[in-house]
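The next part holds the structures, each set out as structure tokens.
Okay, so chain A shows up in both of these, paired with chain B first and chain C after.
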Partner chain A sequence: MSYPFVIETQQLTKAYGKVQAVNALNLRVAANQITCFLGRNGAGKSTTIKMLLGMTHPTSGTGTVLGRTIQDAQQSRDLRRHVAYVAEDKQLYAYMTVEEMVRFTRSFYADWRPEVEQRLLKQYELSPRRRVKALSKGMRTKLALLLALSRRPELLILDEPSEGLDPVAIEELLQTLVAAAAEGTTIFFSSHQIAEVERIADHVCMINHGRLVMDLPLDRLRQDYRRITLSFAAEPPPTAEVQAEGIEQVRTNGRQITMMASRDADAVVERLQRLRPISVEVEPVGLREAFLEKVKEEA
Partner chain B sequence: MPFKLNPSAGQPLYLQLMQQIRHSVETGVLRDGDVLPGIRSLAEELVVSHNTVAKAYSELEHEGLLELRHGSGAYISAGRTVESRADRVRRARDKVRSLVETLLDQGLAAEEIHRLFEAELFYPAPLEKRR
Partner chain C sequence: MMLCYKAWRESRTRFLVSALTLAGFCCAFVLYHHDARTGIGDQSASYAGYIWHITYKSYLRDLFVLLALLLGAGGLLRERSYRTSAFTLALPQTRWRLVSVRAAVGMAELGMLSLLPALVIVSLSPLIHESYPLMQALKFSVLWTICGTFIFMIGFLSSVIFDGEYTASLVGFFALLLYSAVVDLPAVERYVGDIHDIMSGAGMPYFRQDAFVLAGPLPWSTLANILLVSLVMAAFAGVITRRQDF
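Here is the complex of A and B:
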């Protein structure tokens, strides 16, 4: 089956009473990439993921995952055979041992790869006889990853996979995700941890109050987004003088005007020279700054 | 390979990787015929997306600095121009080193020297391609 995007939603909405948890979301996730679904706690990330997987029904709007319609029960069941999901709470059967959990899960999937299962058991140092409830949070995440990756999922969806993990476990998690992506699994993971997102994600979809507020490749953020600060000898000109397409967040602060350019910073700086600033500073905009600004803007 | 990418720098990761590979060749750390790790292993080692490594490799192949052989890896193909360039870079580095030493002797702070270099290179167009 071929489809331009592995995940695509149109005006996807979920309301709980008066609260719009997800608000007319148009999400598009490309294949063969690592895409991060970035947002604060309560921004609507988990609700979106649950709708994509048919675990909760949209109030309105539509969506497809791997070309299958998410509201259609038959297609939703079918798509779940090709998607692996690692939930935030890593719900597993606590009373089972690691070995039993693996055997149990394996029985559901025809595409199970025993060699991957064995490799990951060793690599993650998961002892087969250990009970799931006795595993640390990091170990439980590893078990959930093992169960997901022992299949050959086209798409791996993870909800806050690094939550509660120590730095060593996070590093191993990121390595696992990078390796799975290199093997051809598309990765879509939600997170609010800027530092890790920044390292492995090709693309970021940022959600705030249930709305998509940023959707771009991280390398474009690095390449094009610039914070420009103009300093003036006297009172700065009115901010209307600098407003233009591709320029956001224009603010005056004493004798300085700062703004964010989302493209062509060179040309912007050249154009701004006519305002005769005494100095022009241009700095890159990190994901952290972009994220905080977006959240502030929407508040 | 001791490549180190900075995810919060204002430069795409694949460009950072390209520059570091190019630099390693120019300084002679990597030589003609050396093999770079495969896309997947380098991605795992650097903990970055395989797309970053793949893009850097394919751009370097396009430049003629890398030769990608299916299944066996990425070979450095540094011809004579690169070698002579390596010499030029080495000589330039010696000059820069002695200039920096002189300036430090004259009491300038490292930070000030850094800014002077930057201003010289990038002002008044601060975003000229930093290659």
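Here is the complex of A and C:
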């Protein structure tokens, strides 16, 4: 089956009482990419993922995953045959051994690949007879990844996959994700770790207070986003004179105005020259800076 | 099949402890019947009367009721507190199936627990030169299985509504107490039978009080109604689970 987007939501909302955990989210995730769902703790990432997988019911709005409607119980079950999911805390059944956990999970999927299972067992140094409750968090993450990757999922969803892992384990995890993407699995992972997002993501969807605040390819961010700082000899002009399409987060600080241009920075600078600044500085913007600016703006 | 295995693994300890407890008490009641009869002041009754009093009417029955309630514990809310519910719910299974498999495994375990007194009492009685009719014991097992299912479902339903390790069982216990109090009300007892009396036969037309035996056919229509109510409770648990957020 082919879908324009593996994940697509329209006005997806989840409210807990008066708190809007997810607020009219319009999310689209393209196939064959690594997409990061970036946001602070409590931004609504996990709630969104849980709604996509049918664990939490949306208050309003709709969504599809791999072309199946997330609110329909039968379609939700069907989509879960094709989606692998690694939850945030990677808790598995403590009373089972690694071997039992693998056998249990394998029984639900027709696309299980025993050779991958065996390879990953060796690669991750997981002892089949070890009880899950005796595994460290890093080893539990590896087991959860093994259970997800031993299948041939169309879509792999990971919720904060690197949470609680040491740097070596994070590196192994990122390499595993890149390898899975190279095999044709679409990857959608939530994170608030900028460095790992910059390492592997093709596309970033940023969420803050339950709303999508940025949705663009990482390459476009690197190429087009610029911080522009205008310095003036006297009092700077009102920020309204600077505002224009493609300019965000305009701030005045003493005799300086700073802003972020999301496209065509050269044209923006040319236009700003008419305000007669004494100097204009243009710097590239990293994901960390864009993230912090977006979060500040929303606050 | 693997969902059954999961449900079994999750309830295995409770089931085995319950089985050992029931079997242990049955052994003690048979092997130390002289002491037990003195203890409960029941010297006059026949062996069948003694077994009925101590097993099917009072101590063991009450213990069985508590164990049936405990067997109903578990499920997705408990998994949520252990943080494994996300893994379970990500499996390509509907919540209906998760609930129904757990209910079926629990009922099977309950059936086995109900058979234990029959097996232990009938097989151990010859050791003390007594006998207890197998058919009588099996008839009581049928009553216990079906009435136990009702009690199990109280615990089961409670476990899909109330969070917490012991909350669900405690709420189930109080719900059962409330039920017992309500069915004892004169205005109610004419219409609704007390599940405890149905289990023991006390005061029921299918029980001969003089010989302490179940006489004639079992009350199949009553048992069918109890089973139906139990299944409605299971379905209700399914509806609640389907609507829950995890």
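Side notes on the structure shown:
Just so it is clear, the second predicted complex is superposed on the first by the 299 of 299 C-alpha atoms of A that agree within 3 Å, B and C clash if a C-alpha of one lies under 4 Å from a C-alpha of the other, contacts with A are read in each partner's own complex, and residues count from 1 in each chain.
Methods note: contacts are C-beta pairs under 8 Å (C-beta built on N, C-alpha and C of every residue); 3 or more make two chains touch, one makes a residue touch a chain.
Owing to the predicted nature of the structure, the values given are computational and were not obtained by experimental measurement.
Annotation for the three-chain superposition on chain A: chain B and chain C fit side by side.
Of the two partner chains placed by the overlay, only chain B lies in contact with A:D202; chain C stays clear of it.
Put simply, if you stand at the Cα centre of chain A and look at the Cα centres of chain B and chain C, the angle between them is 150 degrees to the nearest 10. In the superposition on chain A, contact is made by A:P284 with chain B only, not with chain C.
Contact with chain B, but none with chain C, is seen for A:V269 once the two complexes are overlaid on the shared chain. In the overlay built on the shared chain, the residue A:C36 is in contact with neither chain B nor chain C. In the superposition on chain A, A:A181 makes contact with chain B only, not with chain C.
In the superposition on chain A, A:M96 makes contact with chain C only, while chain B stays out of contact range. Between chain B and chain C the least C-alpha distance in the superposed model amounts to 26 Å. Put simply, chain A uses no single residue to touch chain B in one complex and chain C in the other.
Chain C meets chain A in the complex at residues 1-2, 5-6, 9-10, 82-87, 89-96, 242-243, 245-246.
Within the complex, the chain A residues that touch chain C are 50, 53-57, 73-74, 77-78, 80-81, 83, 85, 87-89, 91-96, 103-105, 107-109, 144. Residues 7-15, 39-40, 43-44, 47-52, 124-128 of chain B are the ones that touch chain A when the two sit in their complex. Partner chain B is touched in their complex by these residues of chain A: 32-34, 171, 174-175, 178-179, 181-183, 195, 198-202, 218-220, 222-223, 225-226, 265-266, 269-270, 273, 280, 282-288.
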